[in-house]
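What follows is chain A paired twice: with chain B in the first complex and chain C in the second.
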Partner chain A sequence: MRVAVRSTLSMMLGLAVGVLAVAAVSFRWVFPQVVPDEFSVAIAARTLRSPATGAALGTGIIVSVSVTLIALALAWPAARAMARTSGRWRGIVFAVLFLPSILPPVGLAMGLDVALLNLGVDGSRFAVILAHLVPAVPYAVAVLTATLVRYDDRLDLQAATLGASPLQVLRHVTLPQVRSGVVAAAALTFVVSWSQYLLTLLAGSGRVITPTVLLFNAASGGNPVTTATLALVVIVPVLVLVSVAAGAPDQGVPV
Partner chain B sequence: MSAVLVSGLSYRYHPRGQAALDDVSFDVDGGSITCLLGPSGSGKSTILGCIAGILEPSAGQLLVDDVDLAAVPTHRRPVTLLMQNAQLFAHMTVAENVEFGLRVRRVSAAQRRQRSAELLDLVGLNGFAGRDPGRLSGGEQQRVALARALATDPAVLLADEPLTNLDPPVRRELQQQLVEINRSTGTTILFVTHDVEEAFAISDQLVVIAGGRVQSADAPSELIRRPGTRIVANMLGVGNLLVGRIDGDCLETSTGRFRIDPAHALLEVASQLVDQRHWVIHQDHVQLLDEGTTPTSNTVVGTAVNCRLVGTRVEVAVAVGSDTITVVVPSERCPALGSNVILHLPATHLFEVRP
Partner chain C sequence: MTPSAGIVGPAWVRRVARSPIAAVAPAIVVVGLGAGYALVEGLGASFGIGAPVAGVPIGLDAYRRVIASPTFWESGLFSMWVAVASTVLAVAGGTLISWWWISRPGRIRRIDMWLVHLSVSIPHVAWAVAFVAVLSQSGFAARVAAVVGLIDRPDQFPVLIADRAGLGIIATIATKELAFVALVTLPLATRRARDAVTAAATLGASHSQRLRFVFIPTIAPALLPAAAAVFAFALGSYEAPALLGGQRPRTLSIVALEHFRASDLTRRADAFAVSTLIGAVIVLMVALLWFVGRRVSRPTPRAAR
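Right after this comes the complex of A and B.
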């Protein structure tokens, strides 16, 4: 059953990426033609070589990697505490954590923008990173908590009684044992940040351009080939990350 | 010299809850194996947790080799903890597990390898260095955990029921191995168990814990002879309890009148003639006299009501009046059920216990 679902999802994803890839190298592809009249890589190559695309990619990576690292650092102690609390309290804390995510995006983005304006950091990468942390941290906490609930804390105590400092315990014992959960949390957090449009636009005051912002601009400009090319630019890093996260094994079951 | 000194130790899991440990004091001789014996929930593992630095005592003092542990963080304490489950690190090989304590102390790789080879040899796991710990048997995993715990030459090895989950043959083998390691390395071992047989098999000294308090502490042979309290007598399986009044050098009970050794009486109660006192005698010390023996001093006549095979011997329950006295005899001397038997309770083995 699980294999069938996974295969179906992979096929659908492959189909979508395939259509985007064909669209990115099409020259004239209008309804109701099943395949384009002509193919050309010229527009796609120009879009990829454009300084704007390169700058957006750089900015997007810096912002999303920063968000990922900060979100994991914030989420780790929270998740450790959550993993030790009872189910009822865990549910309440999760509900509070995810409240921003169920608010209408425009309301959340406007509210955050006002807050960042008041702080005087609006329009900078720092502002965008702060804004992205709001939706990203809850996901990091959720994934890490789900991982740490299954982790046997006595391994940490055992390591400490063998002479390992708290940092050595984290590095040599805890992290290797929960590697897959940390990789999954990192991948999800990166994707949440990478895919933010409205928050990036408002918090960055239009001056911080990421690939997602470029993609939305191209889509509203009505150029399907550029849009398809930029869509691939946005999607490919996500696919790579998801593949890495899915393939990351834990370093063994505690014995 | 005491390797461990526990003085007035108290601990509460919840600030307003019942004390898990209440004014616990005892000491552990250097180079000995001392067993903390007690039922589940008696607080014995809590004592180890406090010494290891996992739990913070609410009161009391802990000294290891005369060093006060109060301000020493867990990872700097001169002790290692061997847990009930081996708690091996699954992402490391057997050798890497053994070397862990040395690695975090930044000992060179060559020295680590040499030490882990020595220790794996000591615990009988030669050739296991590169193995995945997840593929070892329970006994092998505990051996690796033991080697890992010994790698840093701790002043005291704290063992928290490490053999409980093992099959009896493996368990006996590891008990023997632990004693041999103690004798060959001189490592002081503080061993927690709820198993009386195990405690007697390995310990030089027994500290009996119940209800978060020390009930008795002495050498096993001495404790079994004079348990001190009824709780300890029950825990050690000293089956014969007599209740009665002291009249001179005799104990007047419903079972009979027994001469006692006054040196075995607790002296703090002066009103001996009126108080009901509790006395015990271990079933091994009760003698089944041959049929036809003339009853003399400290003998009672009763009826054999039950026989239970214990190894190669038989535990015989003898009804004497309203009481039952247990005696252990070789299986060939087991009396017929319902037959009359004569028991001798030597005064030198009758000991008073606190209620």
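Right after this comes the complex of A and C.
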């Protein structure tokens, strides 16, 4: 039956990505052709080479990399503490981290936008980064905690006893052993930021255009070939990063 | 090593800096303050309080206006339908995936994890775009239907995009969220439910008995929060309804954002009134799920883990 699950999921994903890929290189793909008669990469190439796409890719990468680095730095000490404790306050911390997930996304985005307006930073990349941290940090904490619960703290203690400085312990003892988990956390946190549409639109006041925002704009009234091409621009990095994250032994969300 | 090792100062400073509270503080502050500030600002603005709605009279006017709107109940019911249907499908699908995973011995294959992670991670906008390409009347599914002779013209294909029943929106949200549900229930499924299910099988429980009386109660502590999160997302999400919804009925999230983006500050109060009402429904649903959870979940003694 696992095969059934696998084939259902792969069919769904394959169909989605496959149809977009064919649409991106199709030319006059008229009904009822299942496969287009004519292919052309001209529109896709023009979309990829356009200054708008380049600028969006630059903005998207800057924003999502910043979010990833900040979120990991904030999440690391929290995840270490969470991995070592159990009981009531572990539950409280996860409850606070769970809060953004049970707020209506529209309400969260509008509220954060107003908050950023009050702070006077609305409409900048900085504002978008701050807004993305709200959904990204809980994700980073969850994934890092899942990795760190299996890490044996006594190794750190041993290294420290032998005279290693905290930084040396982190660099030479802890990180090498949890590297794949940290890489997974980084990849998935990047994806969380990369995927945001509404938060980016509102916090950025429509001026911070990431590939996801560009895709939404194209989808609501653009050329279907351009839309399909931009969808692939959004999806391909996600495919790559999730594959990187899947290399880690376990990235389940801890409960 | 504690994250604050190397901190110098009086003993109490070092003690605080080394406590777990200091370790979780940065993450909690960013998330709690961010979400909390957003919540307070939004709630205030819906009553005409705060800088974002300066000049708007304080009171319940926004709620009155919003509820008096001719399409409010239509939008509200439509949103509820979309959210409930998506949640039920996602929870059922996610539970089945989780169940299938543990029904066979052995580790979960890496490709299965990859597929589920990929489904969770594909951006909602991209997923919605793909669904339009597949499900629209001239989309891939319609073409296949035409080639095998089920239909002759695009308009004979069922309307699944911008339809009155919101089927396209539901399909988009449910298919993405079922992977999320599977992922969230996975730790309990593999660590606790698998052994319990095996034991039940040894004692002669049938397939459906194992699923209903052993598996679901065991994963319930993860399943119910997941259901709450899916419901909250489905009720207040914007991308799928915006790209796959029609002009009427529109979801409350679309209505809220339209008010919010209008230049009139009064309408901004209306936007927050709508999102507060969405939030209130989510709170009711979370309370309901919590109540159900207390009755359904089987308390597992910690020692038995």
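Descriptive notes on the structure:
By definition in this document, the second predicted complex is superposed on the first by the 225 of 255 C-alpha atoms of A that agree within 3 Å, B and C clash if a C-alpha of one lies under 4 Å from a C-alpha of the other, contacts with A are read in each partner's own complex, and residues count from 1 in each chain.
Basically, contacts are C-beta pairs under 8 Å (C-beta built on N, C-alpha and C of every residue); 3 or more make two chains touch, one makes a residue touch a chain.
What you see is a predicted model, and the numbers here were worked out from it, not measured in a lab.
Touch criterion not met for A:236: it reaches neither chain B nor chain C. Judged by the touch definition given at the top, the superposed model places A:154 against chain B, while chain C stays out of reach.
In the superposed model, A:174 makes contact with chain C only, not with chain B. Of the two partner chains placed by the overlay, chain B and chain C both lie in contact with A:165. Residue by residue along chain A, chain B and chain C are tallied for touches, and C comes out ahead.
Comparing which residues of chain A touch chain B with which touch chain C, the overlap comprises 157, 159-160, 165-166, 251-255. Across the complex, chain A meets chain B through its residues 152, 154-155, 157-166, 168, 172-173, 176-177, 251-255.
Listing the residues of chain A that touch chain C in their complex gives 1-2, 4-6, 9-10, 12-13, 15-17, 19-20, 23, 31-34, 73-78, 80-82, 84-85, 89, 93, 96-112, 114-115, 117-118, 130-131, 133-134, 137-138, 141, 146, 156-157, 159-160, 165-166, 169-170, 174, 188, 191, 194-195, 197-198, 202, 212, 215-216, 219-220, 224, 227-228, 231, 234-235, 238-239, 241-243, 245-246, 251-255. Listing the residues of chain C that touch chain A in their complex gives 1-6, 20, 22-24, 26-28, 30-32, 34-39, 41-42, 45, 50-52, 96-97, 100-101, 103-104, 109-119, 121-134, 138-140, 142-144, 146-147, 154, 175, 179, 183-184, 186-188, 221-222, 225, 228-229, 232-233, 235-239, 242-243, 253, 256-257, 260, 271-272, 275-276, 278-279, 282, 286.
Chain B contributes residues 52-54, 74-77, 79-81, 83, 85-91, 100-101, 103-105, 132-134, 136, 141, 148-149, 152, 158 to its touches with chain A in the complex.
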